[in-house]
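Right after this note come the structures.
Each of the next two complexes has chain A plus one more chain, namely chain B in the first and chain C in the second.
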Partner chain A sequence: MTLKIVKPGLATSIQDLGRPGYFHLGIPEGGAMDRLALRAANLLVGNPEDAACLEAVFMGPEITFDKAASVAITGGEMPILVDGEPKESWTSFTVEAGQTLSFGFLKSGARIYIAVSGGIATEPALGSRSTYPIGALGGFHGRNIAAGDEVPVGEGALVEEGRTVPADLRRGPGNPAELRVLTGLYWYRLTEKSGEAFFNDTWTVAPEADRMGYRFRGGLPMEFVEREQPFGAGADPSNIVDGCYSYGSIQVPGGSEPIVLHRDAVSGGGYFTLGAVISADMDLIGQLQPNTSVKFIKVEMDEALQARADRKALIEKIRKELV
Partner chain B sequence: MKTRYSYGGDEHIYVEVDEEMSLDAFFISLSMSNAVREANIPGVTEICPANASFEVRFDPDVIAPADMMERIKELEHKAETAEKRLSTRIIEIPVFFQDPWTHETLMRFRERHQDPSGSDLDYAARINGYDSVEAFIEAFHSQPWFVSMVGFVAGLPFLYQLVDRDKQLEVPKYLRPRTDTPKQTVGYGGCFSCIYSVRGAGGYQMFGITPMPIFDPEQEVSYLKDFMVFFKPGDIVKWKPIDQAEYDRILKEVEQGSYTPRIAEVDFDLDAFNADMTGFNAKLMEALNDA
Partner chain C sequence: MLYDALRFYPGGDRAIEIELGDGMDFTINFIVHRLVAAVRAAGIAAIEDLIPELASFQVNYDPDRISYEDLCNEIETIYAEMGRGVTGSLPSRLITIPVLYDDPETTACIAAYRKDYPDKTPDPDLVCQLNGLPDRAALRRRHSSSEYWVAALGFWPGLCSLLPLRPEARIIAPKYNPPRTDTPKGAIGIGGALTCIYPDATPGGYQLIGHTPAPTYDGAQRLPDFQDSLALFRAGDRVRFLPVGMDEYEDIKARVAEGSFRHDIIDYQIFSVDLYLDWAKEQAQAQEGKA
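For the complex of A and B:
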């Protein structure tokens, strides 16, 4: 079967759990910004957890189905309509052949995941269907979906309607959102005072927030430990000799606006990084809208690992609920 | 050199071999990342060598971060005592300097440049103390380069020239990055050259363009059928200046699938290089000419 894209939304892309293994060549892992939401959407319609879905940001697409399929929408809250009739989020429902799936205005979060039984079945690239537009890899012919596209879907059986993820197992950012950070990397470049200010300040999500990275503003400009800039680093105190970036790492070009690198990160560059958001909180960033208030919380490694274990336990509970 | 070890969140270990760029720091970064690969440590998912640093990504559910850190630190001593030798390849990359396409682009973004009155090459030649653009281009292409890192975006190589520190060319990046750079532009920023693997934003000064694709997700280019990315860290590059006629000819050959880059297998020995840079480079280029 195929999904006929009537309207693509703002930037709707095909995503799965990504293609790790090529970052040393500049190809990021990609995949769903909110991995837990993608896994849950797939489980709801009986797909393998890592099947490809559509990820829509801020605005949903409009899609006509040529065959009946089970569908589930997870992630942010956006009214769901099938031929104008409302449907529940985080819950399976059936779309009949000829019906059209559409969406109202985003209410909370930033990204929704649309899982269809059988999974999106475009040609994988380097082991993943995730869209990486800069490298024209994966996705629909290397790009986001557009009006008129016919997106192939694999073979899948219908599941019963009304399978649901209980509200207490859904995870989204609070307000202000709290992102836990392990300091490290080039943390030594900041003065002690500036390092403290980073965690004391309240930041807001800037409009420049996409799959490559989220920019924040509103905090104090940063102060650097004085040094003669090393050969090859560049003149600005925020410059380093170009190195690799970690996923979740926080760079601050010119010391003014922090950028947290996300799934489609550039793999390296010449800006210092002060540490990284812990792996358990990366999904939350994918659900942040511009202007959301954010506090960065300093944690130690044991807390980061506990948070990671908690997140795994949450996914396990969702599995138990649905499998 | 003062090596700094650090965590990058709970999934990465970052090793800054040195704050400043040097061939020694690059060599240690590359050999340590090779040593991590050879050690086959369970839980390692990515190993990314860079100019004077490297990063290891791992799954903390498989190996505890502290244990991973310990394993990598153990390899430092091994890398320090290892022979600084590398079996690699030298590749000739044809470059059409002062080509019409990068020239059109640099004129379009002139107000973002330090010196809007001339071209990027005029500026680079002047601030590096060269009398003419031709003399600067000569210094740029006459000695070979190491690919010290591949990244930023898919398949983009950073290159560091195999010459003494006092002969290194240095050029700042644009004041504000451009929103457009032609695909396969040969650029320069700081002490690094690069080839833009795809069209897009960029802040490096633009010197010329190569007709040779270095990234092809469709894998239609004959020499990219095995893998879509051409370069890997440790490759050695020799630029070859070409004119528009040769540029057009190579472009046609690439399209017809008959173009083969000139490549020779070589061994690089850091100590031998440091003892006689010009002599060592001459041998590297000889190997290329025999290929």
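For the complex of A and C:
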């Protein structure tokens, strides 16, 4: 079967769990910004957890189905309509052949995940269907979906309607959102006072927030430990000899506006990074809207690993509900 | 400067940043690549990716399979067993990249930036000023007078960081501030002590001096030289820039478009680090003698 894209939404892309292992070629892991939501959507319609879904940001697409399929929408809250009739989020429902799936205005969060039984079945690239437009990899011919596209879907059986993820197992960012950070990387470049200010300040999400990174404004400019810049690092104290950027690492060009690097981020560069958001909180960033208030919370490695274990336990609970 | 010991820093809970030294320097970079190769050869199952950089490298790992401390200890042990010093030989391909200096595409890109920032000195002129070069012709001669070492890959798919191997070919340049929002695919730029070739149209900050019509990244693997990899370069390759005129530049463009273009790659060569370092020292001494 195929999904006929009537309207694409704002920047709707095909995503799965990404393609780890190619950062050394400059190709990022990519994949869903909110992995928990993608896994839950797939489980709801009986797909493997890592099947490819549509990820829509801020605005939903309009899609006509040529065959009946089970569908589930997770992530942010956006009214769901099938031929104008409302449907519940985080809950499976059937779309019949010839019916059209559409969406109202976003109410909370930033991204929704649209899982279809059978999973999106475009050609994988380097082991993943995730769209990486910069490298023309994955997705629909290497790009986001556009009006008129006919997106292929694999073979899948219908599941019963009304399968649901209980409300207490759903996750979204609070307000202010709290992002836990492990300091490290080039943290030693900051003065002690400046390091403390980073965690004390309240930041807001800037409009420059996408799959590559989320920029934050509103905190104090950073102060750097004085040093003679090493050869090739450039004169600005926020510059370093080019180094790697890890997932979630927080770079601060010019020392003023931190950018948390996300799934499609570049693998390295010459800006200093002060640490990284812990892996358990990366999903939350994908659901942040511009102007949301954010506090960065300093944690240690054992807390980061505990949060990671808690996240895994949460996914296991969702699995138990649905499998 | 090479540090006395490795420095480990967490990059979140699934990456470690390992610094060997500081500065854009061939010797440190060579040791980075040796250590990365040794870590790869050790076959530690929890490692998901190894990313060499100029004076550091990053390990992406699965924290459910190995702890941060244990992985740091393993890498420290491998470094100790590897022995210090820079010696040995390694296979190193020599790839020739045709370049049209002061080409129309980067010239237009520089002009577009200067519409918003009129005080910005045009890139080739700025690079000449900062490196004591009398004119653009002298810049072209210096830039094409050396082989370059592929010190690192990454930032964007297929992007290479190139260090000149001839000491007197060293050219330094600051990066754009603020960065450009776009750069032509194939643009050749200088930032810090590095040359790069933009593999695609991307934002950027290096000072642009020329353009190559020969692709360095092919996501669709359309051209014959990209059958095995999407990226042309591997760390440890060497690159030579061959100045071409407009006619040849257009001819290469046409052959790329029709899919028949082949890169000039010599792949039977061995790069002796000992011989190279001796030679580089002599060159540097000779240059000091002149000055």
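Please note the rule applied: the second predicted complex is superposed on the first by the 323 of 323 C-alpha atoms of A that agree within 3 Å, B and C clash if a C-alpha of one lies under 4 Å from a C-alpha of the other, contacts with A are read in each partner's own complex, and residues count from 1 in each chain.
Throughout what follows, a residue touches a chain if its C-beta (ideal position, glycine included) is under 8 Å from a C-beta of that chain, and two chains touch if they have at least 3 such contacts.
Everything numeric here is computed off the predicted structure, so don't read it as measured data.
Visitor: Fit or clash for chain B plus chain C once both are placed on chain A?
Guide: Aligned through their shared chain, the two binders clash on chain A.
Visitor: Contact-wise, after the overlay, does A:Pro290 reach chain B, chain C, both or neither (first, second, both, neither)?
Guide: neither
Visitor: Identify the partner contact of A:Gly154: answer first if only chain B is touched, second if only chain C is, both if each is, neither if none is.
Guide: Neither chain B nor chain C is touched by A:Gly154.
Visitor: Once the structures are superposed on A, label A:Gly218 by its partner contacts, choosing first (chain B), second (chain C), both or neither.
Guide: After superposition on chain A, A:Gly218 lies in contact with neither partner.
Visitor: Taking the superposition as given, does A:Leu137 touch the first partner, chain B, the second, chain C, both, or neither?
Guide: Both partners.
Visitor: Now for A:Pro124: first (chain B), second (chain C), both, or neither, which partner does it touch?
Guide: neither
Visitor: In the overlay, answer first, second, both or neither for which of chain B and chain C A:Pro79 touches.
Guide: neither
Visitor: Just which bits of chain A does chain B share with chain C as contact spots?
Guide: On chain A, the overlap between the chain B and chain C contacts is residues 20-27, 125, 134-137, 142, 182, 184-187, 230-235, 241-244, 246-249, 266-270, 273, 275-279, 301, 304-305, 308.
Visitor: Taking the touch rule as given, give the residues of chain C at its contact with chain A in the complex, in rising order.
Guide: Within the complex, chain C contacts chain A at residues 1, 9-15, 17, 19, 22-25, 48-58, 60, 63-64, 68, 152-159, 161, 172, 174-175, 177, 191-194, 199-200, 202, 205, 217, 219-220, 229-231.
Visitor: Would you mind writing out the residues of chain A in touch with chain B in their complex?
Guide: 20-27, 125-126, 132, 134-137, 142, 182, 184-188, 230-235, 240-244, 246-249, 266-270, 273, 275-279, 301, 304-305, 308, 312
Visitor: Which residues of chain A touch chain C in the complex?
Guide: Per the touch definition, chain A meets chain C at residues 20-27, 125, 134-137, 142, 182, 184-187, 230-236, 239, 241-249, 254, 266-270, 273, 275-279, 301, 304-305, 308.
Visitor: Quick check: in the complex, which residue numbers of chain B touch chain A?
Guide: So the residues of chain B in touch with chain A come to 4, 6-12, 14, 16, 18-22, 45-55, 57, 60-61, 65-66, 149-156, 158, 165, 168, 172-173, 189-192, 197-198, 200, 215, 217-218, 228-229, 232-233.
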